[in-house]
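Across the two complexes that follow, subunit A remains constant while its partner is subunit B and subsequently subunit C.
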Partner chain A sequence: MGKYKYIIIGGSAGSFQVVTKILSALPKNFDKPVFLCLHRLKHIRSGFVEALSIKSTLPVVEPCDKEHIRPGKVYLAPANYHMYIELGNYFSLSTEEPVNHSRPAIDLSFFSAAYAYKSKLVGIILSGANRDGALGLKSVKDAGGYSIVQDPDECQVKTMTTASMQVTQVDEVLKTDQIIDFLLKLD
Partner chain B sequence: MAVESQDIELFIGTIRSLSDYDFSEYSIKSFSRRLEKVLIDNKQDISGLVKKIKSSNDFLEKIVRDITVNTTELFRDPKAWHTVRYQILPKFKDYESINIYHAGCSTGQEVYSMLILLYEMDLFYKTNVFASDINIQVLEEAKKGTYKYRFNLDYLSNFDKVIKDNPYNTEDFRDVPYSKYFDINKATDTIKMKPFLTSKPVFKKQDLVKGSNVFYTKFDLILCRNVLIYFNFDLQNKIFEYFHQNLFDGGYLVLGMHESMLGPITAKFEKKGIMYRKR
Partner chain C sequence: MIGIVDFRNIVKALNDTHGIDMSNFALVSLKRRMEKAILAFGCRSADDFINKIQTDQNFLGIFLHLISVHETEMFRDPSLWRELRDHLLGKVKTRDQAIIWLPCATSGQELYTVMVILRELNANDKFKVIVTSISQRNIDFMSKGVYDLKPLEAYEANYTRYNPNGNFNDYYKVSGKKFVMDESLLENVEFIKHNIFSDTPPKNVNLVIYRNKMIYFNQNLQNKAISKIDQTLLPGGYFVIGVKEVFDGTGAKGKYILFSKNESIYKKLKS
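Then we have the complex of A and B:
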């Protein structure tokens, strides 16, 4: 399992609990960068990174444009920006119009990560209320990466996960605890 | 439709051969995304688009407008405006005159936000406000100062957060009516800035890539928010250098909420959040 070096996770505001559970279960020496692209409720734009930081064992940051990607960090797409991963292992941000009614858009972050990391990437789609992320997860799989969807039975809202499963033959459908086990075995 | 790197090169080369615009140092991911969108919106493949650009200069200008990102709002990111209001502008209180420059002003909302704030702080009449953008069409909209009302209700809540409320003192509330600065017309679906605001700023076309000062003066404050994110690291640094040269000593530069200077240029500024002060 050592071939996977980067993790990207997409979900909407409702997946907050799952994300905190995952982040609190990762060991302090987990050295694979984790990218989070989560839809936010419009009126709660700030405080997200602080709330995630409380439970996370690893530092959670909202990256700045052109910031270099470092091991052992969790990167949260900043509110109101699209977050891209560029060749050369750094971020770029954009304020262009929402995609799938979302900014940040999960698809855009996933596309860019799939292009940059190919077979070294694990993509995970969690509970979410629209189809954003479905094509993104497909791009991860198509580029040779590993695709995981949270078990729709466990999701508050199934739209995102079922949409992902419609467009991609995903590698695994897992419950939160199994996602955590999977990530722990990557080391 | 995925855009290949040859497509981007062909597009950039074509634009460069026909005009002064140079996109060769733009940030790759967002630029290819924009090009993809332009192709889809125009129902063209890259060779069709290039052919059309070659045949019409108006079309070229339109494509330049579409490929650049023009997202802006009145008092966008109220927290940034709190920095301007409480940490920067008070420093200029005793200046004889103040020069403020909006680099990449798009359709002008940031310029009018500044003018409103200056007026509230009694700094309006001694301030010169300069604003530039790469695109003439958005500058024309900026000069008009008329915006859609619907879908822009954030403008009003942002106004409240910056102009009416004081985040540091909840008892300090100023009941400033919107009509002091703009007229809201729900029938025509417009928010229209008052003439005393629209007549104030100097708008000029400027391509930041060229790094030449089109206003022939130095500045006390430069705002350049969410513009440089579309440029690569090297070009960003050239422009930071240009800003540094064109700031008065001790002048301020304000960037977007998630922009930051990286590399040797940082030694020339003192950083506090999104605010950079020339050393």
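Then we have the complex of A and C:
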């Protein structure tokens, strides 16, 4: 399992508790960067990162444009920007038009991460009420990465996970506790 | 999707044929927009597109418009505009005739935001607003001020957060599926077709609003843009960038201080 070096997680409605639970279960020395692209209110810039930080063992930050990606950090896509991962292991942000009515769009973050990290990437899609992320997860799988969806039976809203399963043969369908076990075994 | 080799060949053809150098643009976003442009030109391959670049007389004008990223919303980040109104724009005296520069403007949302603020301050005659864009089509678009109705609701919501007592619909008229900004808002606005990297910047500027433009450049090109702006921004003037952009002119040897951390407003020191 040591081949996976980067984790990207997408979620929308019903994903906040799941993300919080995952972040609270990771060990302090977890050294793989975790990218979060979660749908959020675009005009509210502050508060989200703080809410996620309360239970997280790792520092949670909203990256600035061109910020370098460091191990052991959780990166949250900032409000009203798309978050891209560039070749060379740094972020760039974008204000291009919303995709799937979303900015940040999960698909766009996932496409860029899949392109940059290929088989070193794990992509996870959680609960959500829109199809954003489905094609993104497919791009992770197609580039040789590992694809996981939260078990739709466990999701508050299952549109996002079932849409993902429709467009790609996902590697695993897991409940939150199993996602945590999976991540812990990566170390 | 175009491969990286094809993409590099396209970038090279643009520079060789038209002198437009995009080799230092942020890759993910440029590649995505390039793919859209290729489709919009109806080209089936990179070679087909390169041929278009080299032979189509009308290529450049259309391309520069297509490749630009539209500004997102009028009154995006309402707290920034409140800060500018209360602490900068509202304090300028008539005799100052301050110059505001909006470089690399694309679709005018920032421009109309500024002009509505000046109108509400009754301060249009205290300012000259210079809008520069590399694309004549973008300039034509901005000066017409015709926008889709769809995002209007978001603009209205932003505006209300900026000024809960005002009415945004004082500044536009609906026409079919579009809304048209009041053309008198543009009274003291000058549009200039301008390449920020190669053309001489406007002189003696007091305020530069340059939000979410440099995110499309790599660090190298960001530094070039900043040095162009620094050349023309007067001591005591202000420089505004996007909330997630980084500007390092404030260090020990820097010429700037952070005027507002939350809103990314920098002030140039009086040497």
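The definition used in the following text is that the second predicted complex is superposed on the first by the 181 of 187 C-alpha atoms of A that agree within 3 Å, B and C clash if a C-alpha of one lies under 4 Å from a C-alpha of the other, contacts with A are read in each partner's own complex, and residues count from 1 in each chain.
We adopt the following convention: contacts are C-beta pairs under 8 Å (C-beta built on N, C-alpha and C of every residue); 3 or more make two chains touch, one makes a residue touch a chain.
Here the structure is a predicted model, which is why all the values come from computation and not from measurement.
Superposition of the two structures on subunit A shows subunit C clashing with subunit B. By the touch criterion defined above, A:Lys66 reaches both subunit B and subunit C. In the superposition on chain A, A:Leu93 makes contact with both subunit B and subunit C. After overlaying the two complexes on the shared chain, residue contacts for A:Pro78 are found with subunit B and with subunit C alike. Overlap of the subunit B and subunit C interfaces on subunit A comprises residues 62-67, 78, 80-81, 84-87, 92-97, 108, 112. Residue ranges on subunit A touching subunit B, taken from their complex, read 46, 62-67, 78, 80-82, 84-87, 90, 92-97, 108, 112. By the touch criterion stated above, subunit A contacts subunit C in their complex at residues 43, 45, 62-67, 78, 80-81, 84-87, 92-97, 103, 108, 112, 115.
Those residues of subunit C lying in contact with subunit A across their complex are 26-29, 32-33, 69-72, 76-78, 157-158, 161, 212, 214-216, 218-219, 222, 242-246. Interface residues of subunit B, counted against subunit A in their complex, comprise 27-30, 33-34, 37, 69, 71, 77, 79, 226, 228-230, 233, 236, 256-260, 262.
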